[in-house]
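In C-alpha cells below, several structures.
One chain, subunit A, links the two complexes that follow: it is found with subunit B in the first and with subunit C in the second.
Take a look at the complex of A and B:
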C-alpha cells in the first residue's frame, strides 16, 4: 500500500532522474503539460515500480511545484533512491515522543 | 502589453520578443499620472493634463483611487453631478494607456497583464479585472507587483545566479522579496513588507515638519485632523513632494515656497522655508530604518543568504540617502540600468509574453495559411535554450508523415520528426540566448512531397521565467457547525480547482420571500470558520428554486483559483439541475471613523490585558510584539484623525492598520494558548497513531509520519497556523482509519440512538435506528454506514455555531 505514496514521487511523475537539474525538471514538465493539452496518449500514464499510474495536468503541476522547493525536493530524492534500491522500503515510524523530546518538549502542559 | 496601474502613476510597456519598449503618453512621458478629470461638459481627461487640475479644481479631478478599489466608495464629480466607482476611473486610465499604445504601434491592444500589489485581496483583484473589462480589454491576467519587478530585473541581468533582494517602495506600501535565481529560472523564496510605509509617508513627515515651521514663523496652526484645513494640507503636501524629488535628483538645498495659505480666518501670503538634503535625510531617516528592519527580518527568516544584488523599485528609491543606507546595511550592488519607475510595467509585459497573451489577438489570426494543419504546443518564452515542442496533425486526410523546424537565421534545423500512431510528435528546438527565434514549420506527406504547414512558423523567446507564487492562504467553505471544509491548502500550485459534495442544513421553500441559502467562502488557517476571513458568498435565493429544497439535499461546490489568484466558485443542485455561479464578492468594508474608534478602544483593552500578563511572565517576545502593536496603533490613530478630516485614503490606511493590530494581538493570544495547542497536538497524535497503526494503509502511516515531521518543525518555529493545518491533516487520517474499523459504525449508531430525541424528525430517526440495528445484526456494514450517515443529517445545527460561521447553509 505504500506503493501509492512512492508511485506519486515527482521524479516518477515527470520521468526524470533524481539527479536532474532544475532546467531538466522544468523541460520535462513543460513537455508533459503540452502533450496532455494535445491529448497524447503516452502522456496520460507513467510507469512506476508498481505498475502504470495515471497522470494528469494537476499531477504534473504539483510535481513541478514540489521539485522547485529545494527542501521538498530533498525529501523526494531520498524516497526515490529508496524505492529503486530496495524495491519495497518500509521504514518504521519514528517515535513521536522521541521526536518531541529531541526538541525539548516535556509532555503535555497543564498550566 | 504589461500595465503598472499605480496609485500615483501608471505605465504601460510592450515586449516584441527582443526589446522592452515603454509606451509614451501623448505628453511624451513614460509615466501617466493616475488622475482623472471630468469637466462640466462631460469631457474626460487623464494623466498629465488632468494632474494640473488636481490643485486648481479638486472637485472635478480625482487621484489615488487605486487605494479604494474594491470598496463601495464613489467619487463625486461636481461639475457633471455624477459619481464614479474607483474601477470606473481606473478604466479611464487603462483606456488612455491603450490609446497611447495604439498611436505608437498602430494596434489597439486587446489583451494585457496588469500588475497588482502583493497585499491586494480577492475583492481588489476582482475590481482590477472589472476595470480592465470596462476599458474594453478582452483578456487580462494579473501578476503580483514584486513578481513583475523580479521578472524584469531578471530579464535585464546578464548573469542570473544567487540571491536577490527586490526592494519596492511604492507610493503607499513597502514590499521586500527575496529571490533565488538560477539560469533564468527565478523563484520567490520569501516575502515581507509594511503596508503602511510608502512615499506618501515620506511626504507627510516633511509636511509635519513644515507645519511646525509655519507655526513657528507665522503663528498659523494647521491641523491634519481638521477638515477645514484640508486644502491647506494638500498644498503643503504638493510642496513637500516637489522638494523631496528635487533633493533626490541633484540639488543639495532647495526652498519650499507656498503662496496664499489660508486656514480658517488666518491667512499667510507667502511662506518660504529652506530645506537641505541633510535636513530631509534627518526627517525621513526613521522611515528608511523601518524598511531596513523589514529587509533584515526577511533575510533572517530565510537563513541569511549572501545577497548578490539589490533591485530597487518605485520612485522613492531615487533618494540618495536611502540608497546609501541600503548599501551600508546589505553591501550588495544595485542592479544597473534598471528604471525603478518602469520595472513593474516591464515585468508585466514579459509575463504577458511568457503566458502567451499576445496583445494583437485579432491581427495574428488573420494571416491564416493553407498547408496541412498542425496543432503545436510550445512555450512562448522560456529560460531553456532547448525547449520541447510537441504537436499533432489535425487532418488525417493530409497524410502528414513527419515535421521539421528550421530556424529563420538558417543556422539550425531539426531532424524530420516522425509522427506517432496517434498523429503526434515531439522534438526539441534550439534557441539563441536572449533572443526571439522564429522557426519555419514544414511537413512531409505520404506521397513524399514536402509542404509548408499551417501555421507556417512559430516564435519562441529565450528569456526568464518565474515559478509563480503558490496559494498564499488556505481557502475553504464555512460549514454551518463553524467548521471549515478546506478546499485548497496554502502552498498549492496555481491554477487549482476542486469539487466537493455538501448537504444543506435546512428546508428552503421556493415561496419563502427574501430568503437565500448561503455558502460562505473563507480564507485562513484556523479550524473554526469564525476565525477565518470571509472572502465571498454564493447565495441561492429561494425564488430561484424549482421546488422545495429539503434539509440534507446534496449540493456540489466547485472552487477555482486562477494563476493570478482570482477566485471563482459554483454551486450545483443536482436534484433540481440548477447551477449558481455568482459569487457575491465581498467589498473591502468601508468602515466609518466612529466604528474604527470603537475598534481602537477594544484593541487597547485587549492589549492592556496581554501587556500585564507579558510583563508578569517576562515574555520578551510578547513585549516586543506589543511595542510594535503600539507603533502601528499610533499610526492608525493619526490616520483616523486624518480620516475625520475627510481623507478617504487615510481611512483605508487606518482600516488596514487596525487589521494588522488585530493580527499582532491574535498572534500573542495564540502564543498564550501555546501549551493548550501543544497538548492538543499530543492528544491528537496519540489517537491518530492508535487508529492508523491498526487500520491505516502503509501510505496513511507514511503520511502520518510526514505530518509528525511537519508538526515537529512547526513546534520548533512556534508556528501555530502550521500546526493547525497539520493537525487537520492528522485528524483526516485518523478518521479515515477509524471508520475502517468494522465496529466504528456500530459505535456511531449507539451514539446517535442515544441522542435520538434531539433529531429534527424523531420518529424518522427512531425508524432509522431500528433499520441500523438490523443491518448491524445482519453484518451489512455498507448499509449500516449509509443509515448512520442519513441519521447524522437529521441532527440540527446549533444556531449559535451557525451564526458564528457566517450563517452558512451547508455542511
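Take a look at the complex of A and C:
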C-alpha cells in the first residue's frame, strides 16, 4: 500500500462518502462514466489528500467493481479519508537547481 | 640556485613516476624503497603535498621579484607540477582535448597509475565545465577502454579516476542510477588505489545529485562517508536545516561553512533555501484510537520525502498497535459488515488491513534517518515493518551474490561488469547499513562467505587486484572479529593492497 494506492481509493475516485449507500455509489459511478464519455473536463481529475489525480473510465469501472464486494469495500472504508477535510497537500522540499553547477557540471543529467 | 631546485623537483618526479611503474607492474616484486615512495600513510602525502606547494609558491614569488622567469622555466614548472596546472588552468578553461593530452603526456602524480582513465577523467571535467564537446559520438570515443584489463591481464591501471570517468559517462548518457552506484564505490575506495581528487569529485557529485532531486535525507547519509571535506559538512548542515532537524547548525555557523566551502557562487542558493526553511513541528498522537492513527498515517504520508522522523514512525506504529490490540478494528468491521449485509470473515479482513499498515510503514522506513532508539522499545508492528524491509534487501543481496563467480569459474575479461555488479552489492549493503545500522552485522552472515570467495576468485583467476582489495576491505568493515574467516579476510586485504 503506497501513497499512490491510497490516492486511488474507490471512494475518492467516485467522490462519494464512505457511508454512501450502494445506490448512491452506482449513481455516482454512472454519472462519471457518462461525463467522461462526453469529455467533461471536471470529470477527468479528482481531488485526493495527495493532490489531484487523473481519472478515466477504467478507474471508475474498477472502483465500482471493488465497492460492489462488501469485503473489499470494508477494507477501502478503513483507508478512506475525506480529501476536502485534509486540506491542500504539502509542497515538496525545494530542490537545489544549481547543485551540479556548483561542482562544475554543465552537461545533461537526468533521473 | 633556482636551476638546482628545479632539477631536484624533476628528479623527484621522475623517481616517483618510476616507482609507480614498478609498483603497478604485475608479476614482479617492486623494490622496497619504490613501494615506500608510493605507499605511504594518508597523512604523509597530504603534508608533503602542502609542503611542496608552499615551497613552490614561495619560490615562484621570489622569481617573480627577480624578473628571472622565461619560457623554458615556465615549461619546467608545468612539467614539475602538472596536477596544479590541470586544476587551476586546463580544467577551468574547458578546452576540449587539452586536459586529456596534457594528462597523458605529463602523468600527474594523482592519477599516475591510470594513463587513460585519469586522462578521460580530467578531460570530462574540463568539457563539463562549459558543456562543450559532449555529443554522443564524442562521449563514445572517450568511453573506449576506460575500465578494462591492461596488457598484462591485471586491473592495476583501473583505479578511482577511471571508475569516476565511467560514472560520469553513465550520468551523461542518462543512466544516473549506475552512475550513483559507481561514484559511491569511488568515494569510499582505499587511498592507495584512489586519487583524492577522484574521491572528492565522486562525493561532491553524489551530494549534489541528491540535493538536486530534493532528497536531503540522502544528503545526510552520503555526508557520513567518503573524504572529509568542507563541502560535505556544509551540505550536511544545510540538509539538516531543510529537514528541520534538532542537530542543524545555526545561521552563522552555516554561513561560515558556506564561506569555507568550494563553489560558493552556486551554493549560495542552497544556503538561502536552508536559512529560509521554517522549523517544522513534530506530529504526536493525541490519543490511541483508530481515527488518530488514520490521521497520523495520512499526515506522515503527505510530508515530503525525508521529512518524517523515525520516532514519528514508531509513534504511528504504537497507535496502530493499540488499535489492533484493543479490538476497535474488529468492532468497526463488525458494524460495517452488518450495515453492508455482507458475510466476510472479520479476522481475515482485519489481518489484511494489518498487513497493509505494516507495508505502509515498510515503505516509509527508508525515507527516515535512524535516531538510535533501541529496538527493544519499539512496538511489534514497527519491528515487523523493519523485518520486512531487511528481508527484502537481504533477499535481493543474496540473489545478487549467488550470481557472483567464484571457485573455478573461468575468467570473463569483463572488468567493467565486475565493477558494476560489485557497486550494486555495495549500494544495497549501504542501504541496509544506513537505514538499520543496528542490523548491519546481518549483511556478513548473509553474503559474507559468497563475497569472500568472489574476492578470492577475482584475485586469483581474474587478476583483478584493486577490485579484490575493495571486496576484502568491505568485508573487513562488516565481519565480526570473532568470525573464523576474519583472519583470512584480513590477510587477503593486506595481500591485495
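A few points about this structure:
Basically, the second predicted complex is superposed on the first by the 79 of 111 C-alpha atoms of A that agree within 3 Å, B and C clash if a C-alpha of one lies under 4 Å from a C-alpha of the other, contacts with A are read in each partner's own complex, and residues count from 1 in each chain.
The rule is simple: a contact is a pair of C-beta atoms (placed from the backbone, for glycine too) under 8 Å apart; a residue touches a chain by one contact, two chains touch by 3 or more.
Since the model is a prediction, treat every value here as computed from it, not as a measurement.
By the touch criterion stated above, A:31 is placed in contact with subunit B alone, subunit C being left untouched. Using the contact criterion defined above for the overlaid structures, shared-chain residue A:74 touches subunit C, although it does not reach subunit B. Applying the stated contact rule after C-alpha superposition, one finds that A:41 touches subunit B and leaves subunit C untouched. By the touch criterion stated above, A:50 is placed in contact with subunit C alone, subunit B being left untouched.
Subunit A residues 1-3, 90, 93-94, 96, 99-100, 103, 105, 107-111 lie at the interface with subunit B in one structure and with subunit C in the other. Taken in their complex, subunit A has these residues touching subunit C: 1-3, 6, 49-50, 70-71, 73-75, 77-79, 81, 86, 89-111. The touching residues of subunit A, when paired with subunit B in their complex, are 1-5, 22-23, 26-27, 30-31, 33-35, 37-42, 58, 61-62, 64-65, 68, 90, 93-94, 96, 99-100, 103, 105, 107-111.
Against subunit A, in their complex, subunit B makes its touches with residues 182-183, 185, 187, 375, 377-379, 382-384, 386-392, 420, 422, 424, 426, 465, 467, 470, 492-493, 496, 675-676, 678-679, 682-683, 685, 689, 693, 697-699, 701-705, 708-709, 712, 715-716. Across the interface of their complex, subunit A is touched by residues 91-92, 125, 127-131, 134, 171-172, 174-177, 201, 204-205, 208-209, 211-214, 216, 242-243, 262-263, 265-267, 269-270, 273, 277, 294-295, 298, 301-307, 329, 332-333, 336-337, 340-344, 349, 352-353, 356-357, 359-360, 363 of subunit C.
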